[in-house]
Amino acid sequence: MTDALKEEVYAANMALPRHGLVTFTWGNVSAIDRDRQRVVIKPSGISYDTMTPEDMVVVDMQGNVLEGKYRPSSDTPTHLALYRRFAQIGGIVHTHSTHATAWAQAGLSIPALGTTHADYFASDIPCTRALTEEEVNGDYELNTGLVIADALANSQPLHTPGIIVYQHGPFAWGKTADEAVHNAVVMEEVAKMAWIAHGLNPHLTPIDSYLMEKHFSRKHGPHAYYGQAK
Amino acid sequence: MTDALKEEVYAANMALPRHGLVTFTWGNVSAIDRDRQRVVIKPSGISYDTMTPEDMVVVDMQGNVLEGKYRPSSDTPTHLALYRRFAQIGGIVHTHSTHATAWAQAGLSIPALGTTHADYFASDIPCTRALTEEEVNGDYELNTGLVIADALANSQPLHTPGIIVYQHGPFAWGKTADEAVHNAVVMEEVAKMAWIAHGLNPHLTPIDSYLMEKHFSRKHGPHAYYGQAK
Amino acid sequence: MTDALKEEVYAANMALPRHGLVTFTWGNVSAIDRDRQRVVIKPSGISYDTMTPEDMVVVDMQGNVLEGKYRPSSDTPTHLALYRRFAQIGGIVHTHSTHATAWAQAGLSIPALGTTHADYFASDIPCTRALTEEEVNGDYELNTGLVIADALANSQPLHTPGIIVYQHGPFAWGKTADEAVHNAVVMEEVAKMAWIAHGLNPHLTPIDSYLMEKHFSRKHGPHAYYGQAK
Amino acid sequence: MTDALKEEVYAANMALPRHGLVTFTWGNVSAIDRDRQRVVIKPSGISYDTMTPEDMVVVDMQGNVLEGKYRPSSDTPTHLALYRRFAQIGGIVHTHSTHATAWAQAGLSIPALGTTHADYFASDIPCTRALTEEEVNGDYELNTGLVIADALANSQPLHTPGIIVYQHGPFAWGKTADEAVHNAVVMEEVAKMAWIAHGLNPHLTPIDSYLMEKHFSRKHGPHAYYGQAK
């Protein structure tokens, strides 16, 4: 079972450069095996060109390495904090994708402006508060996870399957690693569209709430009718 | 004959990712057989990577599935509304291409600024009005088609072979599925150029009307002289 | 000799899509054989995917077709007007490349802002005046050439090897077809850089004239020392 | 040993077009053999398509050619000035990459806005002062190197492994040629992000200094924990 999850996490990591979301090694994907309480994650700083499924690292919920010859991603404590807090999440991805990161640098949430956004996100994509100096100099990566979790407090995480960390960049998630990558691709694309739309019309209005609900629910609601019956 | 049309619609759908117009499955192309009153359209939510001509769905003018193992695109009622209203249209495409969608989010028509635009569109590319809450919560996709048709009311649809739906994205059409895709590519390109031009000069003036008429007619008028004699 | 020139013009045309300068058939390259007073040019509206060297069209200086089974580019009279006026020019290219065309739509010359520009252009890249209604409704493509020639009046055409036609797009030229394409690539790149630079700093200053002269002359002057000795 | 360095410099040069940093021949990479006081650099104006490792040029610290059939890059005196001034530098790269060059044309330093920047640069990326007319008309390429060195005066060059020369473009460096190219890729990417972020929020604040220090030191400090133990 861990082997299958390693293959899945490997494949999801390899999808990042294919979708243009990463430069060099600036991204990582993980997935969790909830039954066995284990997380599989990309090793830190390993090139996508030479990486294999066997290079994936298996850690327990405290981040202890159980399998693998490499150190896990330095962002592992962030992933673990989110898995611990949100039982619905099965996969997580972090990138520095260009447009989503630019919104994080601008310190602004990515506003819901159209149906492309609403097909995947039932709200704006929040930008977290800044971490304090204490949080950065303390257990930085863990605190990043806690700040994300706090920003999501009142949301259903699968209805807001991504966030941008202030002055840092995007995290996205989903029921699986593959779905997390899918949502990271969507974030980058809606971040780009929203940048262009704002440039065209600084006084634009966000998407009408009934249109947002319609689009999110036709894909994700109990009566979803987009795609094929499952 | 339907088989030939399936091949044509399949090929037109496959052209969307090749032209960079779609992310994942965010696009669909259809074509109509006017004699037999049948429409061939992409199945809903099926990946371009694995799709085959046989996966295309055949529906009648009311949207009943006549052939195919999949559900048709969720946007089928929009396509049908346009085919019913405009007898000149033979193919329709919908995408969420980046720049055209950004104009839709900005709530602005794409202005005719140069000959690139005028080579294909004899007017601005209109942005529709917003759908009302009733229209969205009612027969949403049908109403999208009706709102497009209303926005086109006084235009010759082949002289304005595309439109952007407010807070949603572009629809384009043509005499065939292939021509519809061609026009969708043009829309995206002129949407990008118009964004950049506006950024360079917010006080620019739209294309001179005599230049617009010249360019549209040298390609599409009765005395067209662009390209080879047919 | 004409066969060699056909190969050269064919190769230069094929370089346009490879450099990302054209969508569909929106571009054309020609070259002149000054001794025989013949111009070889791309046929009108023929796809790059299927075009062969034999498809190139040979015309005389009045535009009469001497060889080839297709009509020449509809822009042929523009090319001929430039060849007649400027004896130094051996090749010409016209495209609708995105950023250069956006400057044409904005109605602004592309300002010389840095050494990338000065390595090829010894001045701003001028934007022509608008053609009048009479010029457009008369011999439009010829008049386009005359308006370009007028805008260049006081310049050495190989020191300003390109121009943008108002509300239309770029023309570039050089001693050969290949050099013309090279200059078209440069125009598109400096058009993009100048757009971004203006967005970053609307109050920027153009390149210092002594820096412009230095860079242009180290590549093109009598004492050029860039590249290998020839 | 020189052969190995030629291979290394060749490979680093070939990485430039692969990373989208150069158009035509607008870039060059060098590396130094400190023991033998020799620098290996790309030949001037040679196409990446046909270049081989043997084409690399070996010069001494005064720029005299010791090996190679071509002239060295016209920017060789700039590289040598930097190698002479900063003993820590082992490789240097110069490009005209789009976004970094646009900041140079805007005359602005690239501000540190997020962790992507701080992972590689411990400060803003400075824009040099303009060269004077005397400096340009004198030993121009040498003076470019001196102006860069002056702008870096109080910095540790490996903590600020790149700079933009006013109205010209970026130079980057590192302990090796490969690392220099790596830093050039980062500069271009953070230049793009900073452009977009500024457009989204002209009143954004630069990265918190404690966050910058954390990110730079977790990758480059004495207690670095990003990547694998070395």
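So that you can tell them apart, the chains are marked A, B, C and D in the order they are listed, and the count of residues begins at 1 in each.
Following the convention adopted for this analysis, a residue touches a chain if its C-beta (ideal position, glycine included) is under 8 Å from a C-beta of that chain, and two chains touch if they have at least 3 such contacts.
What you see is a predicted model, and the numbers here were worked out from it, not measured in a lab.
The two sequence copies subunit B and subunit C touch through a face in which the numbers common to both fall below half of the numbers used overall. For the two copies, subunit C and subunit D, the CA superposition rotation is 90 degrees, given to the nearest 5. Separating the centre of subunit A from that of subunit D, both taken as means of CA atoms, is a distance of 32 Å.
Rounded to whole angstrom, the centroid-to-centroid distance between subunit B and subunit D, based on C-alpha atoms, equals 46 Å.
Residue positions of subunit A touching 2 or more other chains, listed in rising order: 198-199. Taken together, the touching pairs link the chains into one ring where each has two partners. All chain pairs that count as touching, in label order, are A-B, A-D, B-C, C-D.
Per the touch definition, subunit A reaches subunit B in the complex via residues 113-116, 119, 182, 185-186, 189, 192-194, 196-201, 204-205, 207-208, 210-211, 214, 218, 225-229. Looking at the complex, you find that subunit B touches subunit A at residues 23-24, 26, 43-46, 70-71, 74, 96, 98-99, 101-108, 130-131, 133, 136-137, 140, 167-169, 195, 198-199.
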